[in-house]
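Consider the two complexes below, in which subunit A is the common component and subunit B and subunit C are the respective partners.
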Partner chain A sequence: MAKQSKQPMSRALQRRENIAGYLFMLPCLIFFIGFVVIPMIICILTSLTDTNMHDPGLIGGSFIGLDNFVRLWGDKDFLAALKNTFVIVIVSVPTVCAFSLWVSSAIYKMKGPVLSAFRCIFYLPVVTGSVAVTVVWAWMYNNYYGIFNYVLKGLGLIEGRINWLGDERFALGCIILILFTTSVGQPIVLYVSALGNVDTTLIEAAQVDGATEMQVFWKVKWAQMMPTTLYILVITTINSFQCFALIQLLTKGGAGTDTVMYRIYWTAFKLTEQAGHFGYANAMGVVLAIFIGLLSAVQFKLAKEK
Partner chain B sequence: MKIQSGRSRAYRIVSLIILIILAFLFTFPLYWIITGAFKSSAVNNSPQPTWWPTEWVTDNFKALFKQRTAPLWEIFMPFGSFTNPEKNRVVLFAGPDAPAAFRWLINAVFMAVAAMVITCVTAAMAGYALAKKRFNGRALLFSLIVCAMALPKQVILIPLLKEMSGLRLYGSLWAVIFPTVGWPFGVFLMKQFSEGIPGEILEAARIDGSSEWNTFTTVVMPMIKPGIGALAIFTFINCWNDYFMQLVMLDANNVYTISMGIATLQAETSTDIGLLMAGAAMASVPIITIFLIFQKYFTQGIAMGAVKG
Partner chain C sequence: MKMKKIVAAALAAAMALSLAACGGGQKPAQSTPAASTPASSTPAASTPAPAGATEITAWIYPVGGWSNEADVKPLIDQFTADTGIKVNLEWLAYADGDDKVNTAITAKKAPDLIMEGPERLVANWGAKGYMVDLSDMIDATDKSEINAAALAACTSADGKVYQYPMFITAHCMGINLDAFKAAGADQYLNLDNHTWTTEGFIKAVEALYAKKGDTVAAIYCKGQGGDQGTRALINNMYGGTFTNAEHTAYTWDDPNNIKALEQLKNMKGIAFDASLEGGDELKLMYQEILDMAFCWNIAQQLDPASAHGDPGKTMNGQEIVCMNFPSPDGTPVLQGGIWGLGIFNNGDDAKIEAAKQFVKYFCDSEHAADAAKISNFFSARSAAEGTDLSNIFADNAIMTDYNKVILPNLGDYYQITKGWAGARTEWWNMLQKVGKGEDIAASVAEHVANANAAAAG
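And then the complex of A and B:
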């Protein structure tokens, strides 16, 4: 049986597989090509033009080569946004991973109902919905009637009121904190199940050999959870790059919280001197896509080496 | 040995205490939304927080419902905008006027359910084909799909917008639904699940003379059911939370979703906290209820998909 399947298929059979395969793929491909691949190609093409809002057609404008990219390189606002985007990713990805690993290792041995209660609680901010979460955090951060200032002042940690979202020193941190609460839910679910699936015979063998609990954790469990960790790294990175609602609703990119995501939106739609500069905004998108691609590749490589 | 077990017990107690504190912190925003929705605006706007409402008022909900009205539902003629020169959509049936918040809720549910159903069907078929059909170009398609998964939607925002207005879908819920369906995460997940189907069963079905489609619906579907369940909930929550696409694609009150509606209220009346919390409560309570009902399948599903991945 196994030998047979390795042989090249007969031509008739291959044709049958082709037809069936593509027919099954067809509905999905219509959506995937129509609403992901084609827009991506148009995005790359328009990034090489000076298209703006008023140009008709899918691409429009005239071809200007790599001018948009050269301009981006000298655009201070864009570089600041790029820096902020990376700060968000670099701070939130490791903290989310470490935090969810710790929480999962603390809860995975608990009894069924307690375990699922904890899991649900950490998942709550995700299902509450980004806008509802943002609205309530905006209130909590509020300068005058927010509970942050009230509680911290009560504890004597701060003296005066702090305008959390308006102050360059705090705003980005405040956004990262909200992002953190909405990001740990899924990693915790994944780690809990990964910890539950670790091969117990290996743990027992290690314990018989006199390994300490820490050693068992890092040498046995952590090693076996590598695929899960990789998956979590990738989804958390993507999530952190995509944080848009928080910025659009809380600071509108002010107080040092501008990110590339928000800047693309702002360049394309907001009434500024550059309003509707689609070519330029698309160039930002292309740069971002390249960065994300590189980052994912590095993560895969690192995880594979381990 | 004894010392160690004493230490590990102490560690366990400390970590339990930290966990309980964290659990309070994670539930607090939701608690604050729900209680805030039932507190008067004087209470909400005072610098001194009221931890538990002293009196429960429904003024905020009354104010929210009075804000604006919209027909409870509207069914548009497909491609109706091509029939008149003004490119207006043609309404076939409209429901009775109701507070706009209810319309927003209906819109959001319709949008998320439609995206969920279409995604599940297309992704299950495609995932099965990628896992079990040896067609030419399979590896290339799959790597394209994996690459596209990491791509943030904001990157393709402008082309997508132009495409939607070309198709005259801009401003309708379909403009949010279709890109959600196109997102290839579901295909990836379903491929992981379909890998687990033993080839012998499919072979046996073929020898028994079952057609490809028949094999898919009667043999494959029941086997990947848990995956479809997980994908369904996942897509629903994702689509519901995808504020960005809703912001860009939806242009008028009547087609707003509840998230968009609250965001608009926030922009207009950012000082009326009670009103905002009432809106936030309306947006979050239904989806949390759905999550709690199906949470078992959901947590199992995402974990299974990842472990296999």
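And then the complex of A and C:
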């Protein structure tokens, strides 16, 4: 009897809570739909057209099917940009993860103020504006008066100057180095937090059973940090795929540093005399999104198996 | 429970408010002006403005002294005072100005007025039908007063004038004369008429390199900024061309250009530098790191690297001299710069009329003298409504000298060739490949073909 009278009240309460929940979500949802979902749909639709700046409407131009995608695979510049993008991802994702794991393991047991100081140091490049960071790096890399050439020449390691950002042999590596410094901050903070939350009873149990430090780390701590690692992998992969500001500010895609994101911008907004560039640029965007999606799925799958 | 409701209602209200704040209210279809006329300026409308169009927007590329707000604002304030038309000014940067304009066109928010050159106003936006034909503003007297080459460059193939020319210059190169003297390279310069031969240029670079053992000059190729300098150098060295005379095709696969590229590539002291653009190069010259700058003109000579130092001097006071580009017999053909005003057709006749008043005021009235004078370039016309513009820099020795030895060598304004934006991209990409050591003839052929293919549409 008591159960019967409680049921309708509970449903009403549930409904009220649902409504309140959705209302709280509404502002974010409006932004998410307006600035993420709808543009994504427009991007996909436009990639199937030859839309350009002269066409009216959100999806102007004529429907051309998969022509843009077919054209992409014969576009030498796009393929070079795709290759560079993959190089950035392949180099930067593992190094960022490994380095941040190493730093975190070294500092997470430190006392409060020291730990905070380290966290600040590593997080500073993340919160500093990318333009400011890039300007400083551009000065350090400068071919004529940069500090790297000055120091290396002073130490007798090089004879002439190295054109860090103007020479294909070095430019992409220089970009990856900057990306690395701006990417490690968040993973370090996350790993420090994850290491601090590892269940100490499990560690103690492993130690009682005679496990070495390395065994404790890989068999106990690492396993418990897997969700954090997965998050870091996915976020770093997406950031690396979307490398744009550094290229725009430092090399403008020259010296073998073109990336897909920069090529999208270039195709959409720079080559204004050529028709079909919005559609073509969006096709590049769709291809990039597919690659990011595939790689993230693989990472999820591997982490789940682990 | 009641308290919870109140808190929930307050939170919801706060969120709704923040949403509304983020959304912003309805604004007039105008850009945010970087420097609009001050609120204190009280227009005394001596000439009534067209009804409904007392406010227009003007986007200005940083053309010579027109990049300096302190010089431009008084002229605009005076215009507002005289006509009652308020002008919202925004300065664009060459790095991303085109992106902003193109985005604005796509969003149907183009400015009413724009200041730049024919390669954008005529060959690009004019050809695409975004600009207003200004030919009704140019009568027979104007035609006799305006520099014929400048007016031709501002006129489309079908006779429409999309740009009212304001000022012109000839791009040249700058050299550090003190460095030349120290290396004994000044013997290759003809300082009477500021010319030198290609052979003299090669020997001068050799002498300078022997003296300093480091880069003398850079073929900058990070992007398109200042590319008129590298084009002019390479075209002039052995008499090559960039386009055909009809401006219908790109011809920089001319064997004379390939010869010049091979020569430059093999010269110690000349670096193909993909980390520099024109603006970076002239700063390095100003800092005395490089001894020559190919991205030079009279505005630079008056204010080197826009550093507001002494005219014609490096940062440490060494003397900079304007030179014509080297050519086989010392008779160069220089690249021109022609700048002026164009009006976007935004479908508002009143605004177009107000914009035309602006054009008339600064291009064809006694105020044209002030407009040209602050630009640090030469007026594109000899006179305007009875005001003599041919002698406005008579009190300036540098300008007088430039007018005598550089400006007469002004050549064909080929920047209006179809597909110009794409061709510029092909040019600096090609220079990067040459710098990397790829086969010069093959690189040139590939990029010229790309430029012509893009131009063909």
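By definition in this document, the second predicted complex is superposed on the first by the 275 of 306 C-alpha atoms of A that agree within 3 Å, B and C clash if a C-alpha of one lies under 4 Å from a C-alpha of the other, contacts with A are read in each partner's own complex, and residues count from 1 in each chain.
The rule is simple: a residue touches a chain if its C-beta (ideal position, glycine included) is under 8 Å from a C-beta of that chain, and two chains touch if they have at least 3 such contacts.
Only a predicted model underlies this, so the values are computations on that prediction, with no experimental measurement involved.
Trainee: Output check: A:P27 vs subunit B and subunit C. Expected answer is one of first, second, both, neither. What do you get?
Mentor: Both: A:P27 reaches subunit B and subunit C.
Trainee: A:Y145 contacts which: subunit B (first), subunit C (second), both, neither?
Mentor: both
Trainee: Decide which partner touches more residues of subunit A, taking subunit B and subunit C as the two options.
Mentor: Looking at subunit A, the partner in contact with more of its residues is B.
Trainee: Check the residue A:Q224 against both partner chains and state whether it touches subunit B (first), subunit C (second), both, or neither.
Mentor: Neither partner.
Trainee: Quick one: is A:G254 in contact with subunit B, with subunit C, with both, or with neither? Answer first, second, both or neither.
Mentor: Touch status of A:G254: second partner only.
Trainee: Applying the document's definition of touch, where does A:T95 land relative to subunit B and subunit C: first, second, both, or neither?
Mentor: A:T95 sits against neither subunit B nor subunit C.
Trainee: Looking at the overlay, what does A:Q207 touch: subunit B (first), subunit C (second), both, or neither?
Mentor: It touches nothing on subunit B or subunit C.
Trainee: Would you please give the residues of subunit A that touch subunit B in one complex and also touch subunit C in the other complex?
Mentor: Residues 20, 23-24, 27, 31, 144-145, 269, which sit in both footprints.
Trainee: So in the complex, the part of subunit C that touches subunit A is made up of which residues?
Mentor: 8, 11-12, 15-16, 18-19, 22, 98-99, 102-103, 105-106, 124, 128, 215, 221-223, 271, 273-276, 284, 287, 289, 418-422, 425, 428-429, 432, 435-436, 454, 457
Trainee: Could you list, by residue number, the parts of subunit A that touch subunit C in their complex?
Mentor: Residues of subunit A touching subunit C: 20, 23-24, 26-27, 30-31, 53-54, 141-145, 163-168, 171, 251-252, 254-255, 269-275.
Trainee: Which bits of subunit A are touching subunit B when the two form their complex?
Mentor: 5, 9, 14, 17-18, 20-25, 27-29, 31-32, 34-40, 42-43, 46, 58, 103, 106-107, 116, 118-133, 135-140, 144-145, 147, 149-150, 181, 186, 189-190, 192-194, 197, 212-213, 227-228, 231, 234, 237-238, 241-242, 244-245, 248-249, 261, 264-265, 268-269, 278, 281-282, 285-286, 288-289, 292-293, 296
Trainee: Which stretch or stretches of subunit B touch subunit A in the complex?
Mentor: Residues 4, 8, 15-16, 19, 22-23, 26-27, 29-30, 32-33, 36, 44-49, 118, 121-123, 125-126, 128-130, 133-136, 138, 141, 144-145, 147-160, 162-163, 166, 178-179, 181-184, 187, 199, 212, 216, 237, 240-241, 243-244, 247-248, 259-260, 262-263, 266, 270, 273, 276-277, 279-281, 283-284, 287-288, 291-292, 295-296, 299-300, 302-304, 306-307, 309 of subunit B touch subunit A in their complex.
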